[in-house]
Every structure is written in structure tokens, then in C-alpha cells.
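The same subunit A turns up in both complexes below, where it pairs with subunit B and then with subunit C.
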Partner chain A sequence: MLTSQLSHPSHPEPLPSPLELANMSRFCAYLFLPACLLALAVIAPAMSDYALEIGFRLLLLITLAEAWNLLAGYGGLVSLGTASFVGIGAYALTGLVNQADVPFFLAIPAAGLAAALLALTVSRAVFRLRGLYFTVGTLALAEALRMFMVNYSGFGGASGLFLSVDPPGLLELFWTALAIFAVTSLAMTVATSSRFSILLRAVRDDEDAAAQIGVRPFRIKLIAFLVASFLMGMAGALQGLKVGAVEPYGMFGIQWTVNVLSIVIIGGQGLRAGPIVGALFVVLLSELLADYPALHLAITGVILIVVIRFAPKGLVGLFQRRPRAAGGVQ
Partner chain B sequence: MPNFDVVVSSMASGFLLGGILALIALGLSISLGVMRLVNLAHGELLVCGAYLSYFLLSHAGIDPLVGLLLVGAIMAVIALPFQRLLIAPLAGKGMEAPMMTMFGVSIILQNLLLLAFSADTRAIEAPYAARPLSIGPITVSEIYVIGFVVSVLLVGCVHLLVTRTAFGRELRASSADATAAAVMGVDVKRVHALTFALGSACAAMGGVLIGTAFSFTPGTGATYLLISFAIVVLGGIGNIFGTLMAGIAMGLLQSLGAVVLGDGYRDLVGLVLFLLALALRPQGIAMSGGR
Partner chain C sequence: MNSPLLVADGLVKRYGGVVATDNVSLALGRGQVMGIIGPNGAGKSTLIGLLGGALTPSQGRIVFNGEDITGLSASDRARRGIGRTYQIPRPFLDMTVRENLLAARFSLHPFESGAKARAACDAILERCGLADVADLNGRDMPLLRRKRLEVARAMALEPRLLLLDEVGAGLVDSEVTELIGLIQSLRHDVEGIIIIEHVLRVVRECCEQLLVINFGKKFAEGATSEVMASDEVATVYLGTARGDGAATLPEDKILDRLDMSKPAHAAAVSGLVGARGVDAGTAVPPMLELLGVHAGYGQARVLNGIDLQVRPGQVVAILGTNGAGKTTLSHVISGAIRPTAGQMRVDGVDVTGAPPHQLARLGLAQCMEGRRIFAPLTVEENLLLPARGVAASDRAERLERVYTLFPDLQKMRSNGGTSMSGGQQQMLAIGRALMARPRLVLFDEISLGLAPIMMDRLYEALFELRQAGLTMLIVEQDVERALELADDVHVMEHGRFALSGTAKAIRDDPRLRHLYIGTAD
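Right, the complex of A and B next:
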């Protein structure tokens, strides 16, 4: 009796139906987000250096987190190799600008392509087996690349390379970050609201069943991996441009992997708003603990464990749960 | 190309080091085989063992070899409640949640070690750590020989534990089919807890030997985690003899890499081998009976 009462409340709250929710999110993607980005681009010249700095970092991390979310949240491909694509992007940009005088606006997408090429090269190895081997394989890739860059003298070795031209100013960097974020959002909107997203989630949920009904898992996973690597490579290039120098410990460092992964897990895996909420949280935390980098990472680890245990869908999932449960009642 | 003696000596060192690597990889292998747990904190457990031995030597004067089993036991006892607290509640939630939890543990341990002991490079200063031992043209450090013998003995003990004891029978049953084992009256939770403790003890004892033969910092763990993975992949999960062989092969190949390319490439060779093994020999890692 109790259960029937619970499942049929006498006064159902007027909550948006799933269709309305979908329309709302589409509205956000098509109108709200571009409007916000445009507004940010317009007011950027009036922002303080500190605000630009934080904004730049947020945009960069959100871009990386969106790309990681495409892999892990939608594709079930939990990567621990973010650093390798960030690093390749940064090194590719530095190389292109130093050796061939390629302008920045061309070098950044080219750096993204370099990262995608890396992904293509290793895809055979890391996709050969399911799930967990992808995770460990990408971790091995990141460590191997870092060690190679430290030991091999061709790319500056452990001390790295300097950009031969002056890096652009903070404002231009912020605008570039906005542009890359816009490209990322567009790519994510296409990837998560098209036929591709259904195929990707089918592969994530049951690769064998998906293959049985005619989906080609390898191809689907490869596309997601290439898109994500391209975006990560561009973000890495932008970071390289901002620093004006690349060196293996910073650009191939594990902290990229840790930051991006914790952003998505804390924000909410497989949810569009997850990376944004997670990035705000993580950047806020890192600002509060800016003077204690080791403590900051340790606390991030604790938060990670707590979130995995008690909020598998992250902060966004916590706030979404109630309307969704009620929506199921209707 | 360096002269013959150097090559032979470093290959011998690689062979002996491979035994130690096998011990470390064994810890990872049994967690993976029995609990389906990808223990991403394995490297940090190793480093914890090295620090523990370091301070036992410097504060209590306990020789690392005498304290080896003590370090293993301490780490096993520390690991038990952690398994109950962190891993056990995630049972039945797939493999990703425990794996990411262990990744969190790895970040926490690494940074706590960094806070407590700084990033200074340390080594356990045992008298036999740098003493050379010569047989004909071969010259190796004494610790390599000791480490190899101790590791092979410990791997043998684990083998006997798994194949000859009641606990080993329960462990193998849980590994083959956890549900069926539980139906037959095996306390799978207890087996998992003890397996995790055993894996941690292997890592910590390997850490003592590594910490004596080489130096270590709080960040050393990741490399050994990945090399262990490579060995597990090459040797086959839960295959103790295969792990030993793969460990020795890895040691030899790493030394070969160090001789041909330079010492900095030692660990890189291991990682590249791992990626190649993933690409070329996936059947070695096929996880039958998962989930």
C-alpha cells in the first residue's frame, strides 16, 4: 500500500517532461552558450589580469575535461593519458612556430592534428583489449612519452624548448581559449546529440551486443579517441603558447591527467554540464590551496574517492537526481 | 659498443633484477586475478615499503633484509582495513570504480609522502648495497644477487601458499568463480581482503629490495606500477611461473635497452614493450571469467 501511495502522489509537482528538458538543453547549446561566449569575448578587455588568468585556466581545463568526458563518460574509455596529448600539442606548436614560422592560428589546429595522429598510431595497441587495458595503456603511453622527452636530446631534452617568438598577450590568449572552447562545445554538441552518440553509448554499454547489431566498435571508439585527442592537442598547444616554453615535466606531467579526470568525476561523468561544474570546483580548490600544491593534490584524491563512492554521477548528478526520479513517476 | 665484460655484467644484473620485478608484479597479478582489481596504487605501496625499511634502518638499526618480512607484515596489516573501507563497498559496481578509487589512493599516498619526507632522493644504505661480486668476467652488485634469491624464495612461498594451503584453495576458487565459491561456503570477502593484503606485502617487500638496490623518491611508484603491468601482461594474469619468467625477461630487455641506448632509456624500454605486448599479444592478457 505504501509503495502504491509513493508511486502515485496525489499532487504531482509540475516538473518539466523529458522532452521539455531536452528542448531546454538544446536551447542552451544553440543559443545560451554562444551568447555567453560572445558576452565574455566582448567584456574581456575590461577584465582584470587575474580574472583573465583564471578565465583562461577554466576554459583550458573545461576544454580538456569535455574531451575526456567524451571518451570516459560517453564512450566508457577511461584514459589516464591526457598528459601525452597535451604534451604533444604543446611540443608540436613550439616546433611549428620555431622551425616553420607557422602563424599561431594555424599552428594550434595543426598541433591538434598531431595529437590525433598520435592517437591513431597507438589506437591499435590500446583498443586491442577492453576497458581497463585502455586505461593502463594510456597511462603507459604518457609515462613513455615523458621519459622519451626527458632522455632524447632532439627536442631539448629535460630542459625543453623556448618559443622563438614572443607569446601573445593575456587578452589574446583568453580570446583564443574562448575560440577553442567554442569549437569544443560545438564538437561535443554534435557528438552527444547525433546518431554517433547513440552508437558510442551502445559500444560503452555492451560492445558485443553493439557489434552483433552491426555497429563497428573499433571505428566508433577510434572516432571518439581522435576527436578527444584533437581537442586535447589544441588545449596543450594553447598552454604551450601561454607559457612560451615547453619542457617534459610540465607538459607531459601527470597533473594534467589528474586534474582533468577529477574535474569530470567530481562534476559528473557523461553529463554535459559535468566538466563545467567540475572545473569551477577544481579551480576554486586550487586557488584556495595555491600555496600547498602537494596538499592540494592529496585533498583532490580524497574528494575523488568520496565522490566515486557516494555520488557516482558527480555534483551535477546529485542535483539532477531528484527531478529525474520525480519525472519517472509521471 | 661497450666492451664484453660490461655487457655481460649488465645482462646478469638485468636477469637478477628481473627476479625482484617478478615479485612486485606478482602482487599486482594476484589482486587482478582474484579481485579483478587494477591496483593503480601498487607503485605507491612499493614506495611505502621502501620508506618503512629506510626508517627501520636509520632509527631502529634493523637491517633491510632482516626487516623484510616485518615490512611485508606491517604493510599487510595496514592494507587490510583500507581494503574493507575503500574497496569492499564498491563490490558489484564494475571494475572502474575500484580502479579509480585506487588511483585516488595513489595520488593521496604520493603527496602525503612528498609532504612528510620531501622530494629528496633516498636509498637504503645497507653494507651490501654497492659491494661488487665477481664471478669470471661478470661483476654485479651483491644486492642484486641477494634480491634475486630473496624474491625467488618469496615467489615460491606465494606459489606454495596458493597451491598447497586451504587459503590457497579458497583463493583459487574465488578467482575462478566468486559466486560459485560463495555458494560453496567460501568467505569471498575475507579472501579478497587477504589477497589485497598479500599483494600489498609483495609490493612493499619488492620496494625494500628496490630501495636498497636503487634510490627512490615519492614519485618513483608510477614506473614500477607500469613495469609490473607489462610483466603481468607478458606472463599471464594469476600465472605465478609465467610472472617469474616474464619478470626475468623484462629485466634482461631493460638492461639490453640501457646498454644499447643509454641508462636513461631503461624504464622506457619496459613501457614500450608493454605497449607492444598489448598490440601484438593480447591473448596473454585475455581475462576469462571476468565480471
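Right, the complex of A and C next:
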């Protein structure tokens, strides 16, 4: 859309109808995205270590951001508990590999299941809270879990655990990240273009009114929470696998929560392309400013403020104007 | 099966010490339409909440279709076929109108084919007059469309029992006729309907049974015609609206009473008026003047050349059907919308495009449609807002005068602004506008959603204010009441004044009926 606007500055094209947009996004989901992933997987062996490293980080962050977008953007469940599920995933993988010699390709989904199990366990409690209280509740959960992992010696305490086998090479990790991203995209496509998404958005917009027309809000929210936690757990497991060691400050750290939140807000909450655009932007920014860490933080902060103030639907939202606003007052 | 569709037995709802619903029982037979009426704040919406499952009763039981549903959640009741609407519509704002209905459909039939679900929803939208906006977001719907969407969404549930909470508020006659037609046609699809309504025509023409609620208790019950004819019901609810349904306010009586028996009262009220009205001589420029004003939203043009003069001390009423542009006009006057062409003058000075706070400083106050009470503030805090920066003694005096005009507010002064009944909230909105000691007040749809008797009381207050010399601009659905109060009347159609003149001339003009009933085009 951006290029078409640039090439015809004097003749703004009529905006695509919602149906056309839906068809375009379907086309992207069904053909374009898988083709891109396949191409990436094929050319990966020819990529430099630097490219693989960046690609890996990008895919990991997109996966987390997609999952968080499902909760916050589509479900209205603004969670600050991302770190808990990343941490549980990483620890579960390390435990399974160390104790039971489970192969990586099985341990990663199993770690996702462990995170989903955590979600199931806490759902009764956190869903009693709504809105801001839910947000604070999930933050409390994340902090409590981190403190527990620091202080409880059973899982290595503050110094954490080491993976007893050698972590796979960068190329394998990149391929795994691609696979997890593919699973995430598939899950998100199903969750956001199916009838489930209508129920989820109804609960987001007005939980009581949704109940009044027969939607069971607890069930709907739980499904979204389980799916998101499963994806976050897998991403955490992958990160644990890459580092080869897990410790509570890193894996349960609030920076996971904050990074993912800023990616989605910058990219566009509740929009399908939001996490991808946001992650590209954030990773690019951190690479450009890699030598000036203090400046990097300050600039990210300023960008967040500007985006929240002037582009509540993020970067993607800027290019997806609503038809009503198209004419402008004459 | 001859058992009743719904039986409620001894329902009690307490909020702390307050009893909102006090031992109410009712039985709705199959095929019946029952109306629930009562003053604002009587507990009608609470009763609907109890039946629909949004609220759990403190005591009593509810049996639907032979099954005790007292302990069931709202969603389980909806699945058993109870559909309700909200008095203040709660559409899913960021979903399209069609998706609003699909949510109901998919939760009920998760495995139905998409095409079939869509067709079913579109048929309901067609029936409720929403087909043309099916792809727009709930957020973009104006209030009356949202009300229709409430009905449509409840219908998507394929309900056996429909609970309609004030779906007729704010409609003009022709729209009320459409609504009655819709409700009558729904009788073939559902087994029972319960209607809460202040629009008496709907009650009279749709309901066989009436239940009157007052202070949370059952006040009267019976066949509609009997209940409507009862003297007791007239006292607590109908007020002057009994009889032929048209409000005839005994203006002379009120004015007499004001002048003769309540001189102190009248003096108190006049202290709220910023500048006394003077004779509309030619030397004085109009207090408010619009010259060829055009305005709209984006490409939609709503106002097409409005010329309006309000002279000091005058009361001007603006009538018209929904969609004629009345609300846009009041937005222009309050400064919320900038006119795209034309001029607005206050005391002869051009103020076109001035922001709302500057207009307020010039002595223009607004009593907005939908009341807009600040919920987190108490009644008194709401009142004090426009009088910030005023000397404390003056402020206390204005407050005292508002309390003299509306004694109800004094009793509720430390309550939350929105914890009161609709009528009291409207009093608060009027009082708040007066606290700025304005020279001109714009009253936008103050009778919307109010019990007839409450409208009587509010209009009594407006008569007192007119007597005190306040310049007023009233935008109103209720033609009769507006004609009683106003000196000059303008009737809007398609964004311009189709008919203007003195209230007396307009009242006798056959074109009024023609325009207002909506047959003109």
C-alpha cells in the first residue's frame, strides 16, 4: 500500500474493501508466508553467522510477540507474565534433556505443554481479575515465580542449570526457530480468521455482553491463554537450548515481558502484521545502536511514547486507515 | 404445554443495605408480551438483570420453561433461550455489525456452516433495518442504530424469551411505529417478550399484561388498559401523560404557583441566570446567531445552511426526526464541531471555530445529550466543576440555588454522580449547566429515556428558569412539551430548517405533523 501511494501521489487509489483486505491476508497466510519460510530454510546454509544470529533473534521475538498479540490484541488480556512462560519453557527443556535424555525435537513441544499447564493452573485465579487487575496479577505471578526460582535450590537456585549435552549449532537452531515460527503463524491464522476469533473479540470488547448472548467467556479466554502460553513456552525452550544454560534472572527476567510488549505496541496491537513489523523495527534499531546501549534504551522509550500518543494502532495501523477517515474535512 | 414460560418467585436483590428489588414475583405465559413500567430508579433494569442472569438474586427463584435457572450464569441462560438487550447499548465496538451477530450464532452453533450462519444473521439485520451497515464497526453506529443492534444481537440467539430494555427511547413517532411493527412480528418467533419502556405507545400497543414497579416493589399488575387507567399509577408514573397520551402541561398553573405561593423559590432560581433577559429590541444584537452554517463529518454533510437567531430572554426549540441534524447543530453551537462554512456569532461577535471552553466563558452552557455525568465524582463535585475559580461564597450560593430548584440533588449530594436514577441524573446535568451562571443554555434531549412523570418535573424546572429570564435553546423529541415552553420553533429536515415560526403558529401548521411524522421527502 505504501508503494502504491508513493507512485500515484496525485490520484489516491480507493481503499481496498474489507473483503479484498481479507483475501489479501489470506493469500499471504496460505501461500506467501510458507513460500518465504521455505526459501529462508533453503538459503540458510549459505547465510553468514551474523545473519543467522539476527534471524534467530528475530524469529524468537516474533513468536513471542505473536503469542502476546493473541492475548492482548485479540483477547484484551494484557498480560505482564510473559517471562513466566518463557522461563518455564526453558527450565522444562533443560530438565527433560538432562534428566530423561529426551531429544530436542520432542523436548521443545513438551516444554510448550509445561507452559500451557502453568497457564491452566493459574487460569482460575487470574481470570477472576479483569482489565488492569489482570495485568497486575500476571506481573505478580511472574515476579513470584522468579523469586521462587532464585531461592529454591531444587532447580539450581540463583546460579541455574547447565544443559548436559552440547547445544545444537546455529544453523540447526535457526531451522528450529523457523519451524516454531511456522507453527505460530499457523496457530495465529487459525485463531484470528476463524469463528473463534469472533468469539474472542466479543469477549475482549465486552465480557458481560458476550455472556449475555451465550458466549462462555472463561472457556474462550482459557483457550487463548493456553495457546499463547504453549507458544511462549516453546520460544523459551529454544532460547534455553541456544544458551545451553538456564538461570532465573535471565529466563524469568522482566526484559522478556517488556521487549515483547514494546514490539507489539510499536508494530500494532490486534493487527496480524503488527508483531512482525514491530520485531523487525526493534531488532533493526538495537543492531544500529548496538554500540550505544544507553542511547538505545532512551530512543526505544521515546519511540514507545510517540507511537502510543500518535499511532495507537502502531506502525501497521498508520498504513491501515479506516475508510471513514479517508476523506477528511473539506 | 400450558405451563408458563417464565416464573419468578419472590425475587430480592440487595446491594449492601439497599434493596433494589424487593420481593417481586411474576409469571409470563407462552405467547404473552408483558410490559414493565415504573419511575426511573424503580428497579426495572435490575429486574431484567436478574432474569437475564447478569445479576444473582439475594433471594427467590426463577423457573424458565419448567427448569429452575436461578443458579445459572448469564451464558447458560442465553443458551437456554433467554435473550436480553441493554438499556445503554453495549455493542462489541471493534467488530462489524454482522460479527456482533455472528458471535451469538457461533457460540450457539459452533459447527454450523459459515454461509448458513451468515445468511441467518443477514436475515435478522435486514429485518431490524441494519442491512446497509452490516460491514461497519459497532463503534461507528449512532445511539439509535446501537439500540437496533441490541435487538438484532439478541435475536441471533434464536431466543424463546426476549427481554427488551428501553429499545424505544429517543425515537420519533414514525420510528416508534416501525418498532411496534417489529415487536409484533417477533411474536411469531419467540414464545414470550418482556418489555421495559417509557414510550407509552409501545406499551399500549404491544403488551397485554403490565407490571408496575415502584421503589423495587410490585406496585400494580394487570391488563394493560386497566393499569393505564388507574389513578395510583398516574400518581407514581404517568403524571400528565395519562389520558390521550399527549403531554399537556398546565403551564398557567405552574406559573401561578411560582408567582403567588413561592416568591422565594423564584428569586432563588433567578439568581442562577447570568444576565436577565431584556426586551428584544433592535438595538441589542442576538445573543447567539448562526449565519448559513454548514457542517459535517468527513465527506458526510449534515448541516446545509442553518440560519438561527436567539435573542436575550428567548426560548427557542429545535425539533426534527432522528438524523435531521439536531445533534450536529448542538455540537456546532457548543464548539465541538467546526462549521465548514458560515458564521457563528455571540453578542454580534464572530466566534466561528472557537473551542468549547471559550464559548463557555462567553456564558454559553450546555446540557448534553446522554447527560454525561462524571461517574467517579459525587453529585456535589459534579455540580462544583463549572464553578471552579468562583469565590467560595458565590459558589455556595449557586449550589444552594440549584438545591432549591432540585431538592432531590441535595439529598443525594454525596452519592456517586451516576448512582442515581435517570431522572435525578438529568436534574444533575441541568444543575451542572446552571452552576456556571450561564446566559444561554442549550438543553439537548433532556427527556430521553425518562418516565413521563419525571419529564413533568424537569419541564416544571425549565418553566421556572424561563420565568427567571434564562435564554434557552432546546433540542427535543417531545413536540408537545417543546411547543409549550418555546417562543420560537424551528423544525429541521435534511440539515436545514424546513419550518420556522412562533410556537403558536407552528402548532397550528399542518406541515409540522407532515414533517415530524416523517412522510415528507
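Following the convention adopted for this analysis, the second predicted complex is superposed on the first by the 299 of 330 C-alpha atoms of A that agree within 3 Å, B and C clash if a C-alpha of one lies under 4 Å from a C-alpha of the other, contacts with A are read in each partner's own complex, and residues count from 1 in each chain.
To be clear about the criterion, contacts are C-beta pairs under 8 Å (C-beta built on N, C-alpha and C of every residue); 3 or more make two chains touch, one makes a residue touch a chain.
These numbers were taken from a predicted model, which means no experiment stands behind them.
Looking at the shared chain after the overlay, A:Met147 reaches subunit B, while subunit C stays out of its contact range.
In the overlay built on the shared chain, the residue A:Arg201 is in contact with subunit C alone; subunit B does not reach it. In the overlay built on the shared chain, the residue A:Ile213 is in contact with subunit C alone; subunit B does not reach it.
Of the two partner chains, subunit B is the only one touched by A:Val126; subunit C is not. By the touch criterion defined above, A:Val136 lies against subunit B but remains apart from subunit C after alignment on the C-alpha atoms of chain A.
Put simply, more of the residues of subunit A are touched by B, taking subunit B and subunit C as the two choices.
By the touch criterion defined above, A:Arg309 lies against subunit B but remains apart from subunit C after alignment on the C-alpha atoms of chain A.
Looking at subunit A, you'll find no residue that touches subunit B in one structure and subunit C in the other. Subunit A makes touch with subunit C in their complex at residues 18, 195, 198-199, 201-202, 204-206, 208-217, 270, 324-330. Residue ranges on subunit C touching subunit A, taken from their complex, read 52-54, 73-75, 78-79, 83-84, 86, 90-96, 99-100, 102-104, 106-108, 110, 114, 117, 135, 138, 140, 153-154, 156-157, 296-299, 338, 340. Of all residues in subunit A, those touching subunit B in their complex are 78, 80, 122, 124-126, 128-129, 131-133, 135-137, 139-141, 143-144, 147-148, 150-151, 254, 258, 261, 265, 294-295, 297-298, 300-302, 304-305, 308-309, 312.
If you check the complex, the residues on subunit B that touch subunit A are 38, 40, 86, 89-90, 93, 95-97, 99-101, 103-108, 110-112, 114-115, 222-223, 226, 229-230, 262, 264-265, 267-268, 271-272, 274-276, 278-279, 282, 285-286.
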